[in-house]
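Look for chain A in each of the two complexes below; its partner is chain B in the first and chain C in the second.
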Partner chain A sequence: MLTKMQKDVLTEILNINMGSAAKVLSELTNQKVILKIPSLDLQSGNEIGFKLFDKSSDFRSSVLSTVRFGKNFSGKAYIIIPFEDAKELVNACTGSYDNEKEIFSEDIDVIKEISNVILNSLIGEFGNLLNVKLSFSFPNVEFAEISAFENSVLPLDMHFLTMCTSFLLLKSKVKGMIFIALSTSSQNMLISKINEMLAAINE
Partner chain B sequence: MNNIYLLALDAVDMGVILVDSEHNIVFVNKYIEKISGKEAEDTLYNNIKDIISVFNRALYQNSLQAVFDSNQSRFFSSKIHKAFLFPKGTELENYRQNMKIEPLKVFDEMYAMIQIDDVTNEVINERKLISFINKLEKDYKEIKESEKKNKTLAKTDSLTGLYNRHSITQHITELLKSRKDLSNKSLMFLDLDCFKSVNDTYGHLVGDALLIKVADVFRSLMSEGDVAARLGGDEFLMLIDNNHNEDSYITQLAQKILEKVAEPIFIEDIKINITISIGIARFQDSIESAFDIIDRADEAMYKAKKNGKNSYVLS
Partner chain C sequence: MKFLIVDDSNFVKQYLKNYISEAYPSADFELASSGEEAFIIYVDKKPDIIITDLLMPGTGGIEFVKKVRENDGDTKIVVLTADIQKTVREEVESLKINAFINKPATKNGILSAVSKLLC
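So, the complex of A and B:
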């Protein structure tokens, strides 16, 4: 759906903003945090389901954080973190290793805050790139089982900007996925802008 | 009409503050007045950092500014930040608040709405609940372990650790009910010869130790699926899976038991020579109850005793 050049440009732009999200998280947690998006693609919900949520995938039982954004450029952004990685991320951020494997309401609030910082940075960057003012909702955090994810959480016929991401903290490495569902007009806006930038580079 | 909104904001159970683009406070609700101990008129038009000191830090100031610069909302969790505004004299460690900052456009003016939600009780209650659940889980495990232990104790002979009379009788009864592979099974009745003289000569402690050693001999010769039990005194039963219904298997096993038990047994420094008599009964269609088969094996054992002991008889 995206050419290699288009992907490269978008990955570079978003990684700069992931850097600023990492800076906020570093300040929050008093430790070095590195956030990376090594690759991205534009895929249908169906493709994501097949590729990422097979039986052996760690994502089958996950914590899902969702943010809606809107006005001129609209859609829904998701961060999905495997359940065990989510607890690891909370522990790494709070520095309190409490031996509990369960995720409690305080932990959910931490995930909410982290995803708020990351998604604000990412979506905010789209706003800057397209020169539009966006509005954001607060993240809604929930537990997602694969069956629920396949059937209702991620619309299968919609296209998503799919990003693998990793959170590198002092003592831990946590993996996650970011999906950004864009309305058709927003998707076209973004691709046009990237093409514009590529044309400017080639001139 | 505006008064209704203000009254509603005063009634909510969380702190609400509105700040303008200069970060000056333009509204505080009653909750904030109560927590800060300051009347609204003493806080209005002050900079937010004069009322909530965390806003002196760049992290919070930047988040507040992001509302005006890029319309961004920001959530701060109690687990990371603990609290933002708490009554004087209250220990921070015991206080938990979440904070939200979000844009609020009133006509053409942009404001930041700060909501401070006290989650102290939720956190305390959840911790209590977790501790209660953990205790319940621990208690449940202890009860289950205790039940398992009691079940094992109820089934076994406390001296030898073999099954007791009740459990082997039950086992045989279930076997008879199922009628499964009965032709492959045999029952041995084993009785030590002249055990009374060991007790009379060396005392009951040595007698008991001898019974434990004899039980160990049975265990060492048993195959998987075989069951051994102590009926009481020096009487034992062994339920044997008679391999391929061959008499030679069971007679060879009986011979091995005779030989092994007849070897000198040492209880500390005391050398004891003892023998055993064995009666063997095969499961047949005419057997109706556990008592039938035990009686048959017992009769065979008496024949072995009559034959001069230290021998087996297959009925």
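So, the complex of A and C:
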């Protein structure tokens, strides 16, 4: 269980990291990016899907990009974009605007690259904070109806520190959610670091 | 002037080629999607400047750069990566590369790096 102060510090860390990721997204799309305050939770795998995707029907049919990161600090990170918005995001990055709604293989390539850059930026900052080297998997992109993966996002019987935030591209109205789940050992590593930071402030 | 662009993303290879072509219309380009493919092209075509990603299927960018540097210290190497970790930057810079750029690469960022290497 996180104390209020630990949660405050972690929220602020995530805010800062999300700022780096938003800068990257803004440069890719040449648009202003609006962020929401991140939420933090300690959840079991079978709680995550329900809590996350119950919030909005916009995400019913979505493009899901997943990156695993690991070694000393490990977990999974997801970017979830409503299907209709995914094509807009590709157009915003490539600068080409057609009326085509379908997502083609070259669009998947763009989505993978966007996900890679954003999630590297976000998770990499944790590596810098903890002074550990992180390895990243290649992004995996899939289309899904949210109900189909609600219960398979993470192992059901494990607990995870989950961090969730959302973004909006102002001009093209593309919205998305970013979700990070940390393993228990990684959660402990992060909390130790936060405790160090709090102790240093109180000296 | 011959460039070898190495990235598993066609999107990245295309925008890099477009940016560089605009500034250097007579540039030639070879493209590769992995370290293995890139090394074969490097041995065959002897590019002047290599621009490479790090995370790629098969042989990644770090292994590729090491192999190139085992062969010669003269070919200019620019690393272009989404990885923002300081530890990774330090590791890569120890391989005696010529420039390190974080993605997303702006046109100015890429052209600035390339123009410095051509001086």
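The rule we apply is simple: the second predicted complex is superposed on the first by the 126 of 203 C-alpha atoms of A that agree within 3 Å, B and C clash if a C-alpha of one lies under 4 Å from a C-alpha of the other, contacts with A are read in each partner's own complex, and residues count from 1 in each chain.
Throughout what follows, a residue touches a chain if its C-beta (ideal position, glycine included) is under 8 Å from a C-beta of that chain, and two chains touch if they have at least 3 such contacts.
Keep in mind that what you see is a predicted model, and the values were worked out from it rather than measured.
Visitor: Determine, for the superposed arrangement built on chain A, whether chain B and chain C clash or fit.
Guide: Overlaying the two complexes on chain A (C-alpha atoms) leaves chain C and chain B clashing.
Visitor: Between chain B (first) and chain C (second), which, if any, makes contact with A:Lys112: first, second, both or neither?
Guide: Once the two structures are laid over each other on A, A:Lys112 reaches both partners.
Visitor: Who does A:Arg60 touch here: chain B (first), chain C (second), both, or neither?
Guide: Neither: A:Arg60 stays clear of chain B and chain C.
Visitor: Have a look at where A:Arg68 lands relative to chain B and chain C in the superposition and call it first, second, both or neither.
Guide: neither
Visitor: Applying the document's definition of touch, where does A:Phe104 land relative to chain B and chain C: first, second, both, or neither?
Guide: First partner only, chain B.
Visitor: With both complexes overlaid on chain A, does A:Ser20 touch chain B (first), chain C (second), both or neither?
Guide: second
Visitor: Determine, under the contact definition given at the top, whether A:Lys36 touches first (chain B), second (chain C), both, or neither.
Guide: After superposing on A, A:Lys36 lies clear of both chain B and chain C.
Visitor: A:Lys7 contacts which: chain B (first), chain C (second), both, neither?
Guide: Neither partner.
Visitor: Going by the contact rule set out at the top, does A:Lys175 touch chain B (first), chain C (second), both, or neither?
Guide: It touches nothing on chain B or chain C.
Visitor: Enumerate the residues of chain A that count as touching chain B in its complex and touching chain C in the other.
Guide: After superposing on chain A, chain A residues 24, 27-28, 93-94, 106, 109-110, 112-113, 116-117, 120, 124, 127-128, 133-134, 136, 138 contact both chain B and chain C.
Visitor: Could you list, by residue number, the parts of chain A that touch chain B in their complex?
Guide: That would be residues 24, 27-29, 90, 93-94, 100, 102, 104-107, 109-110, 112-113, 116-117, 120, 124, 127-128, 133-139 of chain A.
Visitor: Which of the residues in chain A come into contact with chain C in the complex?
Guide: Answer in residue numbers: 20, 24, 27-28, 93-94, 106, 109-110, 112-113, 116-117, 120-121, 124-125, 127-128, 131-134, 136, 138.
Visitor: Using the touch definition from the top, list the residues of chain B that touch chain A in their complex.
Guide: 58-59, 62, 66, 70-80, 96, 98, 100, 102-103, 119, 122-123, 126, 130
Visitor: For the complex, which residues does chain C have touching chain A?
Guide: It is residues 8-12, 55, 57, 82-88, 103-104, 106 of chain C that touch chain A.
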